[in-house]
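One chain, subunit A, appears in both complexes that follow, with subunit B as partner in the first and subunit C in the second.
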Partner chain A sequence: MNKNYIILMGILILLAAGLLVLPLKNNSKQLDPEVLMWDIVQPTRYVSTDEVAKMIIEHDPLLMMVDVRSAEDFQLFSLTNAINFPLDSLALDDARSALTFNKRNLVFYSNDDLKSDQAWVIAKRLGLKNIYVLKGGLNRWIQTIIQPEAPAETASEAEFNLYAFRQGASQYFTGGSISIDKSPQAEVVVSRKKKAKAAEGGC
Partner chain B sequence: MGPLIPQGIIPMGWDFVIALLIGIAFGFVLEASGFSSSRNITGVFYGYNFVVLRVFFTAVVVAMIGLQYFDYFGWIDLNQIYVLPTFLSPMIVGAIIMGVGFVLGGFCPGTSYTAIAIGKIDAMVFTGGLFLGIFLFSEFFPFFEQFYYSGNMGSITIGEFFGISNNLVTLIFVVIAVVAFYITWRIELRVRKNMIQYKF
Partner chain C sequence: MHVHELNPKKTMVTMIIFVIVIIIGLVTLSKPRLNYAITPEETVMLAGSEEGFFYPYELEDILNKTIDTIVLVDIRNTFQFGRGHIPGAENISAVELISKENIKRLEALKDAGQVVLIYGNNLVEANGPYMLLRQIGFDNVKVLMGGYSYYNVWKDKLGDSYSDDSYFIGNAQYDYAEVAKGSSVSNNDNDTPEPKANVAVERKKKNKAVEGGC
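Now for the complex of A and B:
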């Protein structure tokens, strides 16, 4: 055997054996607590129900709703195209690989903010990016989108526009009809002119 | 620092460009190692030429050792490397099919393209069969979809499976490789009368 090959093999074995004497490195990189703290207090990690409703209606391709409630709850009610990863399964491999290689905007939601906030922290610690929490969760969703309350009469135009949007969204998500309140309108009186009679006789 | 794309050092959009460059380099090395010749490649099955074993085993152990050291020096974070999930029985069946195709056709998918690049007609026929195989596989996929996804072991590594450190796995692999190099060299000495020993 060529001498050079023997030398190369010796180097290979030496390098590989050298790996054994290296101290074991803890590879699990932790997120810096200060960074996590800073991100937690940012209001930008929340999205409102109106924003989410708009994105769902517009079929935003980047939106991915993640339901962190239990599978039973998910069966009973869920948002359009949402996927279900219960909170306790979020750190498991399946959920992890499904979410990690996802380049979309993940919006966590639960009945309120509580579980989804926890899910957000777990996801943050897993190193996921573009993650958000549905502010107020499904409770707020029902209040604002499914059964929106009419604003006071003195409310601003923006509030009325929002209400109109929510009514439309409610119709979109429930498939129900919305009642259009009929404001009293003055009856249109159609007055017809008397037809002039054709002249009869005369001079 | 690395991996460069998941860390955002190289934007995602570049991955196909990088894949193309790596592909060209890979093809060049395959051709330079004599992998465009069916005789060289299938010799490993008939026991007279083990260049395939040596080249690929060398590539594997060099990459293994390199990655471990890179990880140690902090140049690459091995936790962020994508580990292909293991589907044990479908992978064994797939390997057998691949091996049979290898020895029948005289090429593996990658080497058939290097052989086309130097104008070999048998390789062109081989790639025709390759595309036919892909087509049939896709068409009949629903029939064996269940088996295809069976036995998912997740993204598991040998070290995790046996509960030993990856560094030890690397050393074991290197020892196996060196022993294999020596044994195959002895076999070739005995089988091939006109063997040329490459010098470098």
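Now for the complex of A and C:
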């Protein structure tokens, strides 16, 4: 055999052996922090309640709503065909890979957009693709889709069209019943510590 | 056997190219400039805690210069900054914050025990950059609740904002299940007040500026 082949083979075997000592960390697919920061400052991750309502009504096969609230909250109310994925479960490998292998567009939502945004940042770091955040969350969902507000009489045609869509969507999501029943105003419970004085104690 | 397999010159050339490619690969091996200091699991814990949240009324101490261990950073764009900002804040956009020089500066501030308080127009706007900075190891970074828009409304009475709750976000404003039953689809455009669900707000204790001591 040619001597050169032997040298070549030796190099290859040496390199292959080198793979064994490579740290495991290099295999993770985490997003580079710099890239993550760029993604964070883009507003493209937000989808509006109107867009989501339209996609749900049209049975968009690529849409997957992800509820990042707690399991109890999810039990009480969730959007159509949403899956529950509490923010805490992003720390679990199994749960995480379930999302990673999903090829659909994941739209995270919570009460507003704080928890869902936090979930988005973590999921993005973990390398998940096609993930979005429902802008305004469920609070805005109620305000715009379930209880749409009529535009002023001087509003543009586009606004009236939007209102008409929202009214239709509202009936779609509430089962078509039209009544003017009001939910009672609930009380707001705030627990708070007394404000401390700037200077206290001393001699 | 083909002729070229026995051609030592060709084999040599192939080998040299092979080795060069490997060397180039090793040299240019991409090494990210920034590295995560905490795991995704720890980041989940971070998201669940309010430890890094800064309350608007606490700004009073900075503005009065009672506290000088906090550096205010406005992460909005220059235009918005020019139209108004919290006194004493400097303007560094979120992306600029992780530039080489600013990372150095953040490190110096961290070593000096200074807190870096960042704010955007609202909490959510600054939350992403805050989480990122925390993830790359800057545990001295905090984020202002309510952001600039809240400050702008309350700037003359920041102390009073202690008893205000509107900067607390993340709570349900409705009893979703109740509302979504279809109880409130109004066809006659009446302006019914929006029903509010129970909102329990828990707030961390305010630090005393000066405490005890002789």
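Operating definition for what follows: the second predicted complex is superposed on the first by the 146 of 203 C-alpha atoms of A that agree within 3 Å, B and C clash if a C-alpha of one lies under 4 Å from a C-alpha of the other, contacts with A are read in each partner's own complex, and residues count from 1 in each chain.
Everything below uses one rule, namely that contacts are C-beta pairs under 8 Å (C-beta built on N, C-alpha and C of every residue); 3 or more make two chains touch, one makes a residue touch a chain.
Just so we're clear, the structure is a prediction, and the values are computed from it rather than from any experiment.
Of the two partner chains, subunit C is the only one that A:Ile7 touches; subunit B does not reach it. When the two structures are aligned on the shared chain, A:Arg166 is found in touch with neither subunit B nor subunit C. Counting the residues of subunit A that each partner touches, subunit B and subunit C differ, and the larger count belongs to C.
Once the two complexes are laid over each other on the shared chain, residue contacts for A:Ile146 go to subunit C alone; subunit B is not touched. Legend: residue contacts after superposition of the two complexes on their common chain; A:Leu20 is shown touching subunit B, with no touch to subunit C.
Touch criterion met: A:Arg125 reaches subunit C, while subunit B stays clear of it.
Common to the subunit B-facing and subunit C-facing surfaces of subunit A are residues 2, 4-5, 15. Against subunit B, in their complex, subunit A makes its touches with residues 1-2, 4-5, 9, 12-13, 15-17, 19-20, 22, 24-25, 27-29, 93-94, 97, 101, 103.
Considering their complex, residues 12, 61-62, 64-65, 68-69, 71-72, 77-79, 82, 85, 154-155, 165, 167-168, 170-171, 173-175, 177-178, 181-182, 185, 197-200 of subunit B touch subunit A.
Those residues of subunit A whose C-beta lies close enough to touch subunit C in the complex are 2, 4-5, 7-8, 11, 15, 30, 32-34, 36-38, 40-41, 73, 76-77, 87-88, 90-91, 110-115, 117-119, 121-122, 125-126, 138-139, 142-143, 146-147, 150, 167, 170-171, 173-193, 195-203.
Taken in their complex, subunit C has these residues touching subunit A: 5-6, 8, 11-12, 15, 18-19, 22, 32-36, 40-41, 43-45, 47-48, 57, 66, 93-95, 97-98, 123-124, 127-129, 131-132, 135-136, 159, 162-163, 165, 169-190, 192-203, 205-214.
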